[in-house]
Structures are given as C-alpha cells and as structure tokens.
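In what follows, chain A forms one complex with chain B and a second complex with chain C.
Moving on to the complex of A and B:
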C-alpha cells in the first residue's frame, strides 16, 4: 500500500528573475514500511521536495501543480489547520544541521515532549515519561532530559532531533541529510538507529542525502534527482543505468581501487529558471544523442520497478 | 554563584569608590574659592571667614578634605544645598521618588507597547502593517521631547494640568485625593516620555524577532505541527527578549537621571529638573549628590541585570 504517492508535482519559487522550477513534474510513490533514499547534487530540489510534502515551503515557494497523496488524501488540497494535525504526528521531519534545529533556551525534555502535548491528550508528566523513553531509544541517558542543547554534542543533538521527530509515532519520517557534517562513527550510530527504528516501528523512511553509501546501508530503493526531475528510480540491488547515476556512482572513491581523486562530473547543475527543452542532464552528459537536446526523456520502466529517464536506454533497449 | 556574588560586590564597592573620588576631584577642579563664593560679604571679617572655612574643613589640605568627604558620605551627611539650605541627601531622595513615580510607569508603558508593536511588525514583516508601524515609531523616535511636550500642552491645555505634580495651593481631604491629583498631573509628561521612548523598543524587538523567526528551530517547531501563535509565544519571543533585558537595564540608569527635557517642560520636580536648576544656580553640593545617586543606581541596576540574565538564557553561567 502506498503511504505517499506524488503525482506530477511542480514546485516553483518566485525570484526577481522569474519562476525557478525547483521541482518540475516529479512522480514517485513510497510503500508502507519501505525506505527510499533520494540522492542528487545540491540545489536539485531534494530539500524542496521534503518541505513540499509537509507544506513548509518558505514564503517564496509554492506548489504550482500536482498532487501529494498521503494514505489516499491529497495534501496539496489540505488547509494549514489540517496540515498542522499531520505535521509531527503522522509525518515527521529531521532537518539538516541539528546544531540550530533545537531552541537554545529550552530543555531537551520540553522540546521532545511539546509535540506530544499538542497531538495527544497526555498530561505533562506522561509526556515527559514518553520523552524519556524516546530518548533512551536513541541511546541517550534519560537524565539528560533536563539539560539544554548547548550541553550536547553535535551527534547527540542529531539523535535528540530524531527522538523528537519519532515521539508521536509517525507513519513516515523524512530525514534530510541526517548524517551530513557528523563524524563517521556518529554517522554509523545514527544509521544503525534508523535501521533499527525502521524495523521496530514499521516506519516508512524518506532519506535525503548526497552520500550514496548512506543510501546503500539504509534504503530499499533509490531515487536519483537532477534539476528538479527524477532521472532514475530503482531497487537498491539493481545497478543504476542512467548516465548521471553512473557518473554519481563513479565520483565515489572505491576502497579497493587505485588511489586517485575522482574527476567528478564536469559542469554545473542546470539553470532552473529557463530550463532547456531537452534532457536536463544533456549539457553535461558524455553519451548524449541528437534527440536529447530537443526532447525531454520520459521515465520508462526498463525492468520490474526500475524506471529510467534516458533516450539512450529507450533506443538501445536497456 | 556565591563566589561570583562576592567578587561582584567587591568590584561594585571599588567602582563606587572610584566614582566618589572622581566626583570629589571634579568639583575641586572648578575654578573659584568656595569660601569667597559662599560668604562674599565685605562685612565679614577675615577672622570670621577663617572660622567659617575651618567649620567646613576648608582650611585643611585637599587629602584632608577628601577624607572628611568620604566619612561624611558614609555617615549620610551629603552636605547642604546652597539654595535650599537643606541636607542634600533629603532633597535628592525626595526628587528621586518624584522621578521614579513618573518614569517607571512611562518606561513600562513604552516597553509593553514597544514590544507589542515590534512583535506585530516582525510577524507581519513586509506587509502594510509592518510599514505603518515602522513609520509611526520612527516618527515618534525622532520627535524631540521638549517639542512634543509643548505641542501636547497646546493641544490639551484645557483638559489636563500642564505643570507641576499637584494643583497649586490645594489641600487634600484624604491620601486618595492626593494620589488622584498627582495621577492627573502625570498624564501629559507620562504620555510624552512614553511616545519618545517607544520607538527604540519597537525597533529592537522587530529586529531581533525577525532574525529569530528565520532560525532553524522555528521551522522545527512548525514541522511539529504548531501554529503561528504558539511558536511566537513559546519559541520566538522569549528568545528575542534577551537583548531587551540589557536594553531595559541600561535605560533604567537613564531613568534615575531623570528626563531633563520632560521634567523641565512640565515643571515636574524630579531629579532631572533638580540637576538643571542646580547647574543654573551653581548649587554644587546638590549637583555632586545627584551625580553620585545616578552613578550608583546605574551600577546597581546593571548588577541586577547580570544576576537575572542566567534565568532567561541558560547558556549564560555566572562564574
């Protein structure tokens, strides 16, 4: 069963140069209990997509078109008041950079339990007990509940954010770069934690990152986004087929390979204000065809549950 | 904490002692001989003059006079006013009381209204409401207090009393009647001072709050499902209040100094007016006493603000 089903979503930002098409016709779905990793360069719309699902876009951003179905109901049509009942309660988000995501003058306990006080009928004492449980589940001692964020390390703050996002037992967790800027040991701890919670609580997870190894470790599926579009959507075991996905993969150093620096992908992400008519990746693609300039490739299913948007695959038959 | 308090109190004592010393030196540096200034009368014999000088300790060397000054201060003898022929300490305390009656409500009003306007402006930032509030407070802030006072006097001359603390020659049947009369006299100076002060608080609140509203923890609160009002009240405003505490503490020092302009325009018998009159009449002992009171008040209020700060911001620890 789909928990999230996004159909032809378009999210634009108003800028003084014109509309910036941050998300331009994205279509994908996420099943219950499944975890999807979303990868792509910075500025390609990953965070915008996460914010659109919760309708927390900054004032300049707006949903131009499309639907976001959550358990069959369209979130795009919902009012702010209805959205508030969903945020934190059914869909939670862990933001990038936990350093600033906690209020510096409130205790950790207050900040974890406030969501419970809003969404449930719990008393303050009950909410605090639940917050304690939640803190233990992310591996932090419950005595820390009365401490302030500045008394925590970066990794601990990130775990507090996860505890606070999960305290109301949501159905879906969106984690936006949950391990970026943390050291490798803490990264491993947090990913392990996410894996465990996924199994224990049957949580669906949308993990946004630009680190492919993180996706490989935690996710069932991978979505590759580029320039506001999905280029590839595959099971984690499948080998990626889109030229961009391959290049992305190649940018990662191989532990058994030669000690050379990856060349990266030449060029910069596309201009999203006046995008080209053809494939968004065409200018940087080393396998482009004539048709790539003129016509935008559609997402096609190349094999079971594996979608790719590339003209080359259509012509060569994958 | 205890260690911190002891350290701070020692520093405060040293600070006040320095103020007293500067205060002493400052007035000795003023040209002119106080004996001649005080008893300039050709009929007073040289012998009588000498006797008078020794009565005031003026025949002693400067350091001797300094120690007399210090010990008298501690004993509560702050000298006698040239003009009123009354002990300085009594005059200053009475005037300080009058000033506080007027300025504490004026500042409280300005703080409350200013913060409210600031919160609304920051919340509705970029809208017409924001622009209107901003223009209004900028105009208020730019108004000179004496000019605004005069305008209010012209407008309300037939409605409210425009001068003094009480009606001239009035006798009161009860204390309540007296309080009522004082309150009635307070209206115009209070409104004037509040209007002049409100801009600063509004601008500071608007500035800090708009910055706080862009912080990540505000987005976090939104993502938990909270509405605007809850977020403002629980996450944004408490954090934006922190610079306000410092500002209020600094302004409290200014309050004690009195609002010279408003007190002069409305003939309010406060510290500001006293300072103004003492300068005009060269009433040095009173001036010296007022300086001291104002300086001590500033030191003490700032000390209080420092002590209170950790209760508002847990990141600050007293060491």
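Moving on to the complex of A and C:
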C-alpha cells in the first residue's frame, strides 16, 4: 500500500530573476514499511521535496502544481490547521544539522514531550513518561531527560532529534541528511538505530542525503535526483544505469574497490531558472546524443520496478 | 628526508575549578588533549591523522605549528627545534607552516573580499608594501586554485561564493606565502561529494607542483585511504596504530582500527560485511581510564588491558601498534 504518492509535483521559488524551478515534475511513491533513499548534489531539490511534503516551504516557495497523496488524501489541498495535525504526528522530519535545531533553553524532556502535548490529550506527566520511553529506544539513559542540549554531544543530539520525531509514533519519517557532519562511528550508530527502528516500528523512511553509501546501507530503494527531476528510481540491489548515477557512484571512495581518486563530475549543476529544453544532465554528460539537447527524456521502466530517464537507454533497448 | 618530527608531544589544558575547590585540593586537573605523541613526516609525504572527534587530532596539528603552546615535547622542522626558538625568529618559519581550516563558512572574514583575504598574509609578512603590488601574485594564486578569471573574484565577498569556492580561497590564502608544510584540517568534510573530489584533486596537484608536505586530518577513513601515504589512528590523545595506509586499512591490528574500518560505509549494496559498532562515546579526556585507554569500549579487552598501558611497538616494517593483545599473541 502506498503511504505517500507524489504526482507531477512542481515546486517553485519566487526570486528576483524569475521563477526557480526547484522541483519540476516529480513522481514517485513510497510503500508502507519501505525505506527510500534520495540522493543528489546540493541544490538539486532534495530538501525542497521534503519540506513540500510537510508543507513547510519558506515564504518564497510554493507548490505550483501536482498532488501529494498521503493515505489517499491530498496534502496540497489541506489547510494549515489540518496540516498541523499531521506534522509530527503522522509524518515526522529530522532536520539537517540537528545540532542546531534543539532549543537551548528547554530541557530534552520538555522538547521531546512537546509533540505529545500538542497532538494528544496526555497530561504532562504521561507525556514525560512517554518521552522517557522514546529516549530509551534511541539508546540514551532516561536520567538525561532533565538535561539541556549543551550537555549533549553531536551524536546524542541527533538521537534526541530522532526520539522527538518518533515520540508520536508517526507512519513516515523523513530524515534530511541525518548523518552528515557526524563522526564515522557515531554515523554507524545512528544508521544502525534507524535500521532497528524501521523494523521494530514498521516505519516508512524517506532518507535524504548526498552520500550514496549511506543509502546503500539503509534503504530498499534509491531515487537519484538532479536539477529538480528524478533521473533514476531503482531497487537498491540493482546496478544503476543512468550516466549521472554512475558518475555519482564512482565519485565515492570504495574501500573494496581500486584505490584511485575519481575525477568527480565535471561542470556545475544546471540553472533552474531557465532550464534547457533537453535533458538536464546533458551539458555534463559524457555520453550525450543529439536528441538529448532537443528533447527531455521521460522516466521509463527498463526492468521490473527500475525507472530511468535517459535517451541512450531507450535507443539501446529498442 | 624528514620534514617534521615530533617527539613525545603533550598538550594538556588546565581545567578551571572554582575558587573554593582550589582551596582544599591542591591538585590541578588537566584535560589531556594530546598525551605523548611521536612521529615523523617525510618530505613530500601525505600523512594522515584519523580518529573520532575529540580525540585530539586538531590540537596536535595546531601544537605542531605552534598555534597552541604544547606542555612538553619537541617539534623539529627540517632539523630546527620550533619550540625553543623565540617569537621573532619563529616568524620566518611561520610562513613555511600553514593550515587550511575545516569550515570555509566560518574561517573566512565575511567583511573582507577575496583580494584582501589573500593579500593580508602577504602584507603581514612584508612581501608587499601596499595592496596594489600584490595583484600579480594574487592573480597567479587564484589561477592555481582554479578560480578563473581571477580578476572577477577580487571584489567578491565570502557570501557570494559557494562552499567549494570558499575553500579554494582559504587554500589560496594559505599557499600564497609559499609554505612547504600544510596542515589540512578536514578540508573537504563540509563540501558536497562532487565538489569534494575536485578540491582534493586540486590539492594533490598543488602538492606535486609546489612540493608540499601534507598533514591531513580527517575522520573519514575512506578518504584517508584514498589519498594518504601513511596513516596514524588516534584515540584519546594517543596514537594507537600507525603505518603505511594500504597496510593499516587492509590488515588492521588494533581493535579500534578494526572497528573504524568496519564501519566505513560502502556504496556497493548487497554484499553485507560485518560491522563492529562501538558502544557509547569516547571517555572524557579529563578522566582517562587506567590501563589501556581504549579498554572500556574494546570488544577484545583482557585483564591486562585494565592494568597496564600498552606502549607502541613495531608490528612489522613501518607498522606500529599499541595493543597488549598483539604482544601476547606473539610471545608463544
């Protein structure tokens, strides 16, 4: 069953140079209990997508077109009041840079139980007990509940963020770069925690990151985004086919592979204010065809549940 | 030839206590950030320091180039003891030893444009009398860090630059004095993956061209493995394992190194490898555990580890390890 189903979503930002097409026709769905990893360079629209699911876009951003179905209901049509019931309760988000998203003047317990007090009829004491449980589930001792964020290390703050996102037992957790800027060992601890919670609570997970290896270790499916478009959507076991995904894959050091520093992807991400008519990746692609300049490739299914948007694949397939 | 050699370097920070407490306890408390580290870096080598945050990597690097005063130990740069010479004499060495900081978002002065940022060290070291003289040097250095056309960057302020461009500017300002030893403190950890490789490429190219020696600090072992010649793994102010990068990564001996290598995320899915995830955080550097400092988190700890601190011993050629288990294995 689809828990979230996004159809032809377009999210634009108003800038003084014109409309910035941050998300330009994105279509994908997420099943219950599934985890999807979304990868791409910075500025490709990953965070914008996460924010538009929760309708937390900054004032300059707006949903131009498309639908976001959550359990069959269109979130785009919902009012702010209705959205408030969903945020934190049904869909939760762990923001990027969790170290800075905790309130320094409130105790950890107060911050975790805040969501419960808003969404349920619990008393403060009950909420505090529930917060305690939640804190234990992320592996922090419950007597830390009365401490303040400055007494916590980076990894612990990240756990607190996860605990407070999960305290209302949401159906879907959106994690925006949950492990960037964390140490390798802490990173491994957090990923292990996410994997465990995913299984225990049957949580659906949308993991946003620029680190392919993180996705490879936690997710069932991978979505490659570039310039506001989905270029590839595949099961994690499949080998990626789009030239961009391949380049992205190659630019990660693989300790089991050869010890060479890859050149990275040359060129800069596309201009989203006046995007070209053709494939967004064409200027940086080393395998581009004539058609790539003129016509934009559509997302086609190359094999079971594996979608790629590339002209080259269509021609080679035919 | 050895470029820089440190011997038994210690950096202890005194911990502030309240006046009352200081009355009845004479003992001063110290935070043992770096606790007796020795190694040599050869000329034109990339030496990598790796470890969790808070293990003293940055403190060690800063002490090596005298940005922090070490408590004890020696630092020899091309045969000269850097810690015994006077401040004025040290100034001529300062320009040879430079550092690239981690976060280009906070290491650049937001009120200074690119030109002035790079011209400042030149002026401080009397390379130029006024800013107009520096134009050629600055154009050249900006071209070297691939910020072209250089003139168009002169008047830009940090907020107008992307993360990668900012890091290039800060690299340019450390290289403008023609140093030969560079401390690179996590230079790419704040950058995006594709920008990251570009910056690394450039750093390697500059190293070849200018015959630089790098001390590369990182917590990302896969990165260290990719670029460094030798690697030292630090834990709580001490080196636990040191050797040629290839060997340390393919054949780690210390349990801590084994754990660190096992958790490196790999982009290949499907093949599951066993991970050793250490519980908890490293202990506080004020109360270092007795015996081996790693034993409370070690998954192979024996009795001896709680009692005696292991010294660093040769495992084989150029590969050093500080672990009791290793010497025990060898005895019989």
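The rule we apply is simple: the second predicted complex is superposed on the first by the 314 of 318 C-alpha atoms of A that agree within 3 Å, B and C clash if a C-alpha of one lies under 4 Å from a C-alpha of the other, contacts with A are read in each partner's own complex, and residues count from 1 in each chain.
What we mean here is this: contacts are C-beta pairs under 8 Å (C-beta built on N, C-alpha and C of every residue); 3 or more make two chains touch, one makes a residue touch a chain.
The structure displayed is predicted, hence computed values, not measured ones.
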item	value
Chain C versus chain B on the shared chain A, clash or fit after superposition	fit
Which superposed partner A:87 touches (first chain B, second chain C, both, neither)	first
Which of chain B and chain C A:126 touches, first, second, both or neither	neither
First (chain B), second (chain C), both or neither touched by A:188	second
Partner chain in contact with A:64 - chain B first, chain C second, else both or neither	neither
Degrees between the directions from chain A toward chain B and toward chain C, using C-alpha centres, nearest 10	70
Chain B versus chain C as contact partner of A:210, first or second or both or neither	second
Which of chain B and chain C A:150 touches, first, second, both or neither	first
Nearest Cα pair across chain B and chain C, whole Å	6
Intersection of chain A interface sets (partners chain B, chain C)	none
In the complex, chain A residues that touch chain C	41-42, 153-156, 181, 183-189, 191-192, 210-214, 216-217, 236-237, 248-249, 251-257, 259-265
Contact footprint of chain A on chain B as seen in their complex	215-217, 219-227, 230, 234-235, 238-239, 242, 312-315
Sites on chain A touched by chain B in the complex	54, 56, 83-89, 92-93, 95, 97, 100-107, 114-115, 118-119, 148, 150, 161, 164
Residue ranges of chain C in contact with chain A within the complex	52-54, 163, 189-190, 192-198, 200-201, 204, 219-223, 225-227, 246, 249, 259-261, 263-271, 275, 277-278, 281
